[in-house]
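Right after this note come the structures.
Shared between the two complexes below is chain A, which pairs with chain B and chain C, respectively.
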Partner chain A sequence: MSALTLALRQPPPGRVDLSAIRPDRLAGLGAAAIERLALPCGRSPVALGELFRVHPGDPAELRILGGDARLDGVAAGLAGGRVLVEGEVGWYAGEGLRGGVLEIHGDSGPFTGSAMSGGEIHVHGDAGERLGAPRAGGRRGMAGGVLHVRGSAGARAGERMRRGLLLVDGDAGDCCAARIIAGTVAVLGRAGAQTGVGMRRGTLLLGTAAEGLPPTFNATGAWRPGFLELLVPVLARRQPAWTERLGGDPLQRWVGDLATDGRGEIFAPD
Partner chain B sequence: MLTRLSGGRIYDPAQGIDGEVRDIYLRDGRICAPPADPAMADVHYPLEGQVVMAGAIDIHSHVAGGNVNNARVLMPEQHVARQARYPGLPFGGSPWSTFDTGYRYAEMGFTTVVEPAVLPINAGHAHAELADIPILDKAGLAILGNDDFLLRLLRGGAGQATVNDYVAWTLCATQCLGVKVINAGGAAAFRFNAREFGLDDEVPFYGVTSRRILNALQRAVVALGVGHPLHVHCNNLGVPGNVDTALRTMEAAEGLPMHLAHVQFYGYGADGPHGFSTGAARLAEALGRHPNITVDVGQVLFGQTVTISGDVMRQHAARGIARPRKWALWEGEDGGGGIVPFRYRAGNFVNALQWAIGLELFLLVDDPWRVFFTTDHPNGAPFTAYPELFHLLMSRDHRARWLARIHPEAADACLLRHLEREYTLYEIATMTRAAPARLLGLGDRGHLGPGAVADIAVYADLEDRGEMFRAARLVLKDGVPVVRDGRVVNPVRGRTHAVNPDYDRAIERPLAAWFDRFHLQRLDNFRLDPGRLAETAGAELVIH
Partner chain C sequence: MHLNGVEIEDTFAEAFGMQATRVIITAVSPRWARTAAETMTGFATSVIGCGVEAGIEAELAPRQTPDGRPGVSVLLFAMSGDDLARQLERRAGQCVLTCPTTALFAGIGTGPDGGKPLPLGQRLRFFGDGHQASKLIDGRRYWRIPVMDGEFLCEERSARVKAVGGGNFLVLATRLEAALAACEAAVAAMRRRPNVVLPFPGGVVRSGSKVGSKYKALPASTNEAYCPTLRGLVDSRLAPEIRAVLEIVVNGLTDADVRGALRAGIGAACAGGPESGVRRISAGNYGGRLGQFHYPLREVLA
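For the complex of A and B:
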């Protein structure tokens, strides 16, 4: 059985909250019932059928064709199955993801993968700010799973991360891995100012020489800890360039942020 | 416009109606006498098989003011930014906002809520927030008893008449419905580094005892004819063995009316292997001997909450047990406040016994007119947990299920296993409607007789009382339907109630001098003006 497909008819008139549209909630609904579902759009609800053309199929695989930066909360809370977007998405895509796969063939807005705890998110374009970070007021960011951005990420990527793997193939904005509690962040391109600020524990790998680290990080010289031989192949399976960037040479290592717990580590080539 | 509610089973203890099927008629926001012909009604709600009560009244719930706001700031994770659940309403879905408070209360059939701790210096803010809470009628109780002016009066040997004038002036200046005293003198003593303070301890520098402050305030409230008796938060809250303090405070009332708040937190003995035991039976027995005393329970329910209190001494002592580990304490003009987040756990001996002590109080005190339904929101539990508490009071089986889950030593140490009593709907209606209205001196609510405001809650009669009280089928506020099937449909504006007793204006001369000498503001800026409140905060004041 082919995927259940929602094809956007035209750009939505306001910000649309798609967080209620999840494969598990669509199971057993016919195309007509799906078209009748009310979506919050701006300040008033609108029927799903007005915004999307529905092609019936197996909801365990949901395809959204024709993205828009005003589609918020795509695949939020996903626990299993696949959601595939051909185009751009707005804020909170994959927020609180627990399992399954979200694939975005386009850019994604702020808070992509916010506080996700499992599953995988692949963003083929650029991601907005606060990738994986908690919403205002939340205490924990990403707590598991894999979040892979093929393009670049905005400011505060991985903020308050607790566990899991965050990969950025392009550049990361300012305050990358800010306040992370634990977990692994890997940025192949350049990382912006104040990288790792407030880091408690966790590991940040940079594929490009580090610059502009906060003054509360201590440089500990060049070294090559054994665990890299295990970690780098994992990264390379998803982005082969890592093998060459972090090849066999010793890496520069910093520990910090000494303004907090100070047990985080940053590794970067010379 | 005439509205008819027909076929519902009415529980109206103020009129002695216990589950009779009757029709109720409303006109212009008030309940009216039945017309000659039922067909004259313009609107008709058939309520066959459903339970009809007056709108519920919460006499003690911290919903507004500076300390509540401090708690919001300290606990951002309790109100993580979310998009509106109710389309068309600003911030409608933001948890722990004024909107959220009004909506959640209304959905359970509550129509009047009292914020019991308005610091006079914070009264402007408290009123702005109260005015912003939709649907509900609100009122505040002004805190006195740790303020420099009163303590100076008492130190100087001022007569009761002067104290009366000062209390009346404060009620008018803060536009509150009554007077609350929190650990009388304790916050003042805390400033002089006292860390323990009992009823007969003297406040350093002022040389007056807690008992003296309590008596002066209580007499003032009685003399001024304020409807609500002095609302007392005793000394030694939460300290094992403090049941003696509560009993001595009852004696100190000397037969005059007094309300003791959240007595569960004073129902502690110091016996047993853990040095912590239930004192509920002694409290209940003492209540029997003191018909002038009313209490609300301040029930503990398990889960995460945050304790908000003007009792800085107590909150300072509790800072070490904060979960998550963060707390805030401040000391200011009229007292202060402390915010300590806490998580009550069923598997913890002390927490489990606290839970049991609250229920024992509910079940041992035989008079629902004198024991009130509160969790001291959010100190014992957030008000959103009320349905669970209704369920516990009304179902022995539900209590038995919980007794099997809590810390086994606590389950053995309490009397709960032996208490068979189950609250009836009539008793619930007494405790949450008729009695609170009488206690607050608000004669126009809490009952369904002609002339009462048309604040009415209708529930489905479900076996599961928790489910029943979680979502009212229909709530009318001033005759307007505001909740249908457990969801708010019309967020009307509520009013704020206050009393303005008469006093001798001569008190303003020493007060103005005191303000000029010691205070940050001048007296005229401190005093709230009802016209300004309406203009700036949108508060519609009703003066009783």
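For the complex of A and C:
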């Protein structure tokens, strides 16, 4: 059975909340029933059928063709199955993801993968600010799973992360890995100002020489810990350049943020 | 029945159900990996006095180990899961944690096809005195414990599986040198096989034992029926020309592993024929009432 496909007819009239459109909730619904579903859009709901052309299929594999930066909450709360977007998405894509795979062949807006706890998100374009971070007022960011951005990420990527793996192939904005509690963040390109600020525990791997770390990080010298031989292959499975960037040589290491717990660490090549 | 002219006695080896785990030790060089493994499996010949029976299963090339360094796989066997956990933790802490450059990994997975979880680095981590850090990589948790040469990397858990301990055979020869040479050949052949270890010194035991003793405190004592110097004094099992008997004990993860190792070992021990001095192959048992696993020699070789 082929994928259930939603093809965007025209740009939406306002911000559309797609968080209710999940494979598990679409199971058992016919094309007509899916078209009748009401989507929150600005001040008045709009029928899904007005925005999307529905091609019936297996909802465990959902394809959204023709993205738009005003489509919010795509695959939020996904617990299984596969959601594929051919185009860009708006805010909160994959928020609270628990399982399954969300693949975005385009850019994604702020709070992508916000507080996700499992599954995988792949953004083939750039991601907005607060990648994996909790919503305003939330205490926990990403708590598991894999969040991989092929392009660059905005400010505060990985904020308040607790567990899981966050990969950025391009550059990361300011305050990357800010206030992380634990987990692993890997940025192949450059990281912006105040990288790792407020970090309690966890590991930040930089593929590019570090510059401008907060003054509350202390250098511990060049060294090559054994766990890298386990971790680098995991990174390289998703982005082969990691093997060469962090290959055989000792890496510079800093510990911090000493303004908080101070058990976090940043690794970068010389 | 004869194998290469050596008589195979119509008897059986009796073995026991045990709990086992495999761990993988890696280090900067094969020498240091082996050093840690030999230390960890030292004083681990018999559960009677050592709490655990352990040995080196194989040396591993860098591409066979989790961290791409030279390694050694070790098998440990105990009578219960608790005994195994206690001994594993103690030996990992005293013999591997202490050994320069080593890292320690589980060699058996948990889960439906694997075994029950067994703590490995789970409590060793407290040696880090608060500076220990964990990393969850591909769903497996590792502990990083700061030590003076950097970090001791240790997987949080291994797994334990049901296993077989005490598979054995006896080599009866006209000279001690002949018995020893036959046993050395058997050990070499058996150690090439996976999933088994020979826990005794060099793989060979000279003090075959029976259950019980005239002394109340002793759970086991010498097997006088096979002691050449007691011939004429006790009910001996030795023909007049037999001057020495040596035993090989094998522990394996499964019944089939032990069976295969016994077959390979007996074949190698008999390779020289009766002219080598090896006259008879026998086996140790307790009448068949104690152990769950029986290995009739003639059936094993058939």
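Following the convention adopted for this analysis, the second predicted complex is superposed on the first by the 270 of 270 C-alpha atoms of A that agree within 3 Å, B and C clash if a C-alpha of one lies under 4 Å from a C-alpha of the other, contacts with A are read in each partner's own complex, and residues count from 1 in each chain.
Note that a contact is a pair of C-beta atoms (placed from the backbone, for glycine too) under 8 Å apart; a residue touches a chain by one contact, two chains touch by 3 or more.
Here the structure is a predicted model, which is why all the values come from computation and not from measurement.
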Chain C versus chain B on the shared chain A, clash or fit after superposition: fit
First, second, both or neither for A:Arg201, with chain B first and chain C second: second
Touched partner set for A:Arg163, first chain B, second chain C, both or neither: second
Which of chain B and chain C A:Val234 touches, first, second, both or neither: second
Which superposed partner A:Gly226 touches (first chain B, second chain C, both, neither): second
First (chain B), second (chain C), both or neither touched by A:Thr184: second
Partner chain in contact with A:Arg263 - chain B first, chain C second, else both or neither: second
Lowest inter-chain C-alpha distance for chain C and chain B in the superposed arrangement, angstrom: 21
Doubly contacted residues of chain A, that is, touched by chain B and again by chain C: none
Partner chain A, residues of chain C touching it in the complex: 66-69, 103, 131, 133, 135-138, 142, 144, 150-151, 153
Footprint of chain C on chain A - complex, ascending: 163, 184, 201, 203, 223, 225-227, 229-231, 234, 263, 265
Residues on chain B engaged by chain A in the complex (per definition of touch): 76-84, 87-88, 324
Residues on chain A engaged by chain B in the complex (per definition of touch): 17, 40, 43-45, 72, 134-139
